[in-house]
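Mind having a look at this structure? Questions to follow.
Chains: A, B, C, D and E, in written order; residue numbering restarts at 1 for each.
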Amino acid sequence: SEEKILKMSTTTSTQASGLLDVLLPELEKDTGIKVKVIAKGTGAAIRDGMDGNVDIIFVHAKAREEKFIQEGYGTKRYAVMHNDFVILGPPNDPAGINGLISAAEALKKIAAVKSAFISRGDDSGTHTKEQTLWKATGIPLEKKTDKIIKKGKKREITFVHPAESGQWYLSIGQGMGKTLTVADEKKAYTLADRGTFIKYKYGRDVPIELNVLCEGDPILANPYGVIPINPKKHSHVNYELAQAFAQWLVSDKGQSVIANYRLMGKQLFYPDAIK
Amino acid sequence: MTVYELHQLTKIYDERTVLDIPDLKIKENRIYSLLGPNGTGKTTLLNILGFLEPPSGGKITYRSKPVRFVESELQALRRDVILVDQFPILFTATVWKNLEFGLKVRKISKGKRTRMIQEALDLVGMRDFALAQAHKLSGGETQRVALARALALSPRVFLCDEPTSSVDVENQAIILNILKRINQTKRMTIVFTTHDRTQARTISDQTLVLDRGRLLEAGYDNIFSAVPDLNSLGETKCVIHPNISLLMDSHKIKPAKDRFRILIDPKQIHPLRKAGKEFPVNVLQGIVRQVVDENSKIRVVVDSGVRLILLMTEKTYRHSQIFVGDSITYYIPPQAIQAID
Amino acid sequence: MDLLIDSFISAFFLIFSFDAEMIFIVGVSLKVSIASTLIAGIVGVPAGFMIAFESFPGKRIVITVLNTLLALPTVVIGLFVYTFISRRGIFGPFDLLYTQKAIIIGQVILIIPVVTVFTITAINRIDERYRKTAMTLGANRIQTAWVIFREARFGIIAAIIASFGRVISEVGISMMLGGNIKGFTRTMTTAMALEYDKGAFILSIALGIVLLGISFGMNMLFHFFQGRSRA
Amino acid sequence: MDLLIDSFISAFFLIFSFDAEMIFIVGVSLKVSIASTLIAGIVGVPAGFMIAFESFPGKRIVITVLNTLLALPTVVIGLFVYTFISRRGIFGPFDLLYTQKAIIIGQVILIIPVVTVFTITAINRIDERYRKTAMTLGANRIQTAWVIFREARFGIIAAIIASFGRVISEVGISMMLGGNIKGFTRTMTTAMALEYDKGAFILSIALGIVLLGISFGMNMLFHFFQGRSRA
Amino acid sequence: MTVYELHQLTKIYDERTVLDIPDLKIKENRIYSLLGPNGTGKTTLLNILGFLEPPSGGKITYRSKPVRFVESELQALRRDVILVDQFPILFTATVWKNLEFGLKVRKISKGKRTRMIQEALDLVGMRDFALAQAHKLSGGETQRVALARALALSPRVFLCDEPTSSVDVENQAIILNILKRINQTKRMTIVFTTHDRTQARTISDQTLVLDRGRLLEAGYDNIFSAVPDLNSLGETKCVIHPNISLLMDSHKIKPAKDRFRILIDPKQIHPLRKAGKEFPVNVLQGIVRQVVDENSKIRVVVDSGVRLILLMTEKTYRHSQIFVGDSITYYIPPQAIQAID
């Protein structure tokens, strides 16, 4: 009997949060599918999908996922689960945002007192969300454009960040975990997904001191999706298995595994398929 | 048969011509000694004869075939010819392994190898050192092992660069005898350099003298640096020592320079019973320091402030009753003096 | 400081638990690193020899370029190899990406310059007369090279050891081309990086200590085979 | 293949756009790498000298340990330094973490073994008689060392070049201890890693090409100063 | 004044004792020559005298102070004593820089340095090579530069290991003259090794002979390896050549071995008019190959199958009318023969 092996690129958060460690054994038990997990940044994971290096991707950047499907790289986006983003800060909370619901309001306050803020700055789902939030604050923003050449044509990638951010707005271009570490070290505010935060606050050798200061704004939702790669683009991909995996994820069984996953007694992800 | 023929051979280092040989033949089965002052190109010539360095210009034939200095062709030639360096290098291994190397390269069977190595070590009296680490040997031991390493390979042509310079007297004699013997028994052609003229004359069939890269016809014995004698009127005289001014044959003089070198043919100097009228000039006195028998010629070293060498037949020698320690008088004919360079 | 002490203790437990996964990871690391080092040695040592030995036009440029390649970042190597072996690349059909072979390819590229440059340096330091002596004793090019190799062996071995150290401790290429797939391409360093990402610092350092221990063992082995030939 | 061509063109634009951010990143990389290489050289070369020169009990062990440290993974170094300089560490008050100084500290630790090991190898290869000659001519220890250094300089320079290549292309330590903070500690390699993570492969490789160009320039400079002394 | 005093000095390499000197004094302002076969410990002894290698056992005092072989103390001593190696090493730099090194180390001002370097180069005739790359020089050039490098430093003690082995004849004489002169003008103590006995006798005040690590009292001229003569009944005879069996003084024999070495005192051998009844044994014949004046002693080399050396006064020499090429008869008294080791 041939081994059912599926290759999946995913964002680091699914792996680092430990979710996959409970999800995949269940999957194998039910379907016999073994998954080779390649964890990397959202951008790189999507890239893997476009290049046909994997059979399926599991990421959280809704807009880009949709574009991915539009361009024909993926067949369908399955909404699997979500968690949410939270704004973290040092215990002494110099900007006084504790208890605020509106994320935009909180960021505005931080900018007003020029309290240190760490941005992932890596074009990840979290970074994309952060930019949306800054736009919502209405404070003056600066645009930064990178030019690249693609197939001989110039293309531009654009980012925004608060104007005159100088010393207080630090863009570190790293994953969520490291961003938390840096924010903790610098006693700074940052935007993080709840899963990683819990992991770093309660499940780490050296816990971080940061606390959740702002949460609950609907804009802070963070949906994850899986997309099987389109066999029309890449004939070699194992579409059947990818399909089976996606189906299992959105099945009752898959969804309940996600709902029941606890880290330090805290729920990290909320199933999206059953409601 | 002619082993090597050199034509218009030159070697240039850093724009300096260190070797310039219009014509030279090395014949088979003979022993050549190569003499000459330091830096005169002896080692350079041996390197070229050993196919280890290309000349800068000119032609070489080896056994009637022209030699092209192309790596692929040299390989085979090098199997014929072995050079033992002036300061030989032994590989960082045992003495035995050092000797084995050339034999292994020639694919000689183990049993034969063992015999040949032992033989070669015996020749130079180094058998006890077979298992010693070669790079820890003393200077003379090193030189002897290097010789043995080459001898074990019985090459057609054997080039030795000062083979006995660090070897003790006892072994010097032994090594020279070996050279003589292998030359006869194995019909080996040998070219060796030395600074010991007696050694050269004793064992070699022919002596080549290099001077500043050129071959000298006249020999190497009496070379002096000289300045023109400014006090001499109308005559060409040169001074080689504060007390010695010699009249030269004007035919043999090249355009006068501030400082030049002369060569006095040792065969043309003759001892006199006493200073007489017949020879008004170029008569010198000196103390006999040494008398040596060199292949039926007698070599007499006389100290007249500078050391002069007289080469005479045994008859002349006996006739003139020369004793070491004597003060003798001798005459240098002007035509015996030749300016070089 | 506590962290370090804890790490040492954990390292100790890690080693003596003989955990199957742990053993597997160590195995992958060793296998991949040894393979890369061997291949790079087989290519780089002769290449270094040739370059040091021959005179050819542009020799100095070649050496300068090799020196430059010592600064080849793992990201560049990773991406470079990626473009060839990713599904869209020309070697796509061989399905090499995210395999141990891919790691080996990348690591070989990483250390070939190291091996080559240090081979050149080691050879250059050998007295010209060794070569001359070997040649006059009738050695052909390969036999001459062998003599020089023997004389230069400590330098070359040092280069090989350094290269091994470089690849076994390397993370970028292993991560990019191997993908850190559990049970397939997870090496000690990618495991360390993962643990670090997870915030499991102790485990991460403990793995590092195990890695150093293994490297120490390899070095002892080297020393042992090298014997007292140094003396 | 398109990717590589695109990357080259992008690299070209990157360089000639004289983008302020780009120049800054290159500046940080150079500054940090040169500083690390210099410090490691100042420590490692004399250390290598001492070890090669003196005979002391445990010399072979020291050399084996140094060889082992060639396999020190950047993650371990990063974590190790981290525990000392993070706010909770003993050097916390100096506020070193996420600064260029922190990167330099880590990188120095990374390459000291490289410099030391290759210095030892270079020195060992020098004929014992050079030392003897210097001593009999009246040189004291330092002057004797200088003589040996001169004779071994090509090996040592090779070690320094290799170390420079190692640190300028290094990413793990720069990332962990520098934090890749834009405008402060972002180096070429951390920028490359970032672009890679973003999936912006072209920009990543373009940066790599720029890095190699700079490294090539440094090597030419080295060659130039070294002069024709080789001959 | 005594420069060195050695007591029970030994040096052991790989469990082999290569040097074993119970007592030796080296006095100030004298020239010593050190003779002996290869591997006998000459270089080793010079290395110890140059404070470059510690002995394995025993004591050395230098200028009445005991020498402790501790790096910190040796430094100062090495400023006094310079050793020129057997195969000298020049630093990879110009000849000038090579000479400058020792002077710079001694903090001598630039102007003075320049003068001293030029002087030293002139002494060995290498001035033209001042800017040449030292490692490209020829063998003899190298040796001469190494000498100049040491001479420029005017040490108290000058140790030379075979200083002229690769030097051409002309420069050999010059270098020996320099040694002689600096010994007188700068009151330098000189110890040099050589394989040239004439050279040793001509310029040295005292000759030390090393043999297998031990000092020989009797000199080094006639050492032969010998086997006991099995045909001799009741007498102790040894064979040193198929045709030569010599009667030995039984007092001077150590327990018989298969193979041993003997030393024949060259001063005790006397030439005879013709073989007569008075000397029934130990009378040999041979051809005179060489006669040399050595510091008022005459050295005669006779070839009797082996080469024997006779050392006689000028008077005896003249009296016996010895000519080179002659066949002469001579007598070796049994007490002149001594077994060594």
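Assume a contact is a pair of C-beta atoms (placed from the backbone, for glycine too) under 8 Å apart; a residue touches a chain by one contact, two chains touch by 3 or more.
Since we're looking at a predicted model, the values are computed, not measured.
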| item | value |
| --- | --- |
| Interface with the most contact pairs, given as the two chains involved | C-D |
| Chain centre separation in whole Å, for subunit E relative to subunit B (CA means) | 24 |
| Where subunit B and subunit D are represented by their mean Cα positions, the distance between them in whole Å | 55 |
| Averaged-CA centre spacing for the pair subunit D and subunit C, given as whole angstrom | 17 |
| Approximate Å spacing (C-alpha centroids) for the pair subunit A, subunit C | 35 |
| Sites on subunit C at which at least two other chains make contact | 3, 201 |
| Residues of subunit B touching at least two other chains | 87 |
| Residues of subunit A engaged with two or more neighbouring chains | 175, 178, 206 |
| Pairwise chain contacts under the document criterion | A-C, A-D, B-C, B-E, C-D, D-E |
| List of subunit A residues in touch with subunit D within their complex | 40-41, 43-47, 121-124, 146-152, 157, 170-175, 178, 182, 185-186, 206 |
| For the subunit D and subunit C complex, residues of the former touching the latter | 1, 3-4, 60, 64-65, 67-76, 78-80, 83, 90, 114, 117-118, 121-122, 124-126, 152, 154-155, 158, 161-162, 164-166, 168-172, 176, 188-189, 192-193, 196, 201, 204-205, 208-209, 211-212, 215-216, 219-220, 222-223 |
| Of all residues in subunit B, those that touch subunit E in their complex | 13, 36-40, 42-43, 86-87, 136-141, 144, 161-162, 165-173, 195, 197-198, 223, 287-293, 298, 307, 314, 317-318, 323-325 |
| Residues on subunit C engaged by subunit B in the complex (per definition of touch) | 127, 129-130, 132-141, 143, 147, 150-151, 231 |
| Interfacial residue positions of subunit B with respect to subunit C in the complex | 47, 50, 52, 71, 75, 78-79, 81-83, 85, 87-89, 91-93, 101-102, 105-106, 133, 149-150, 153 |
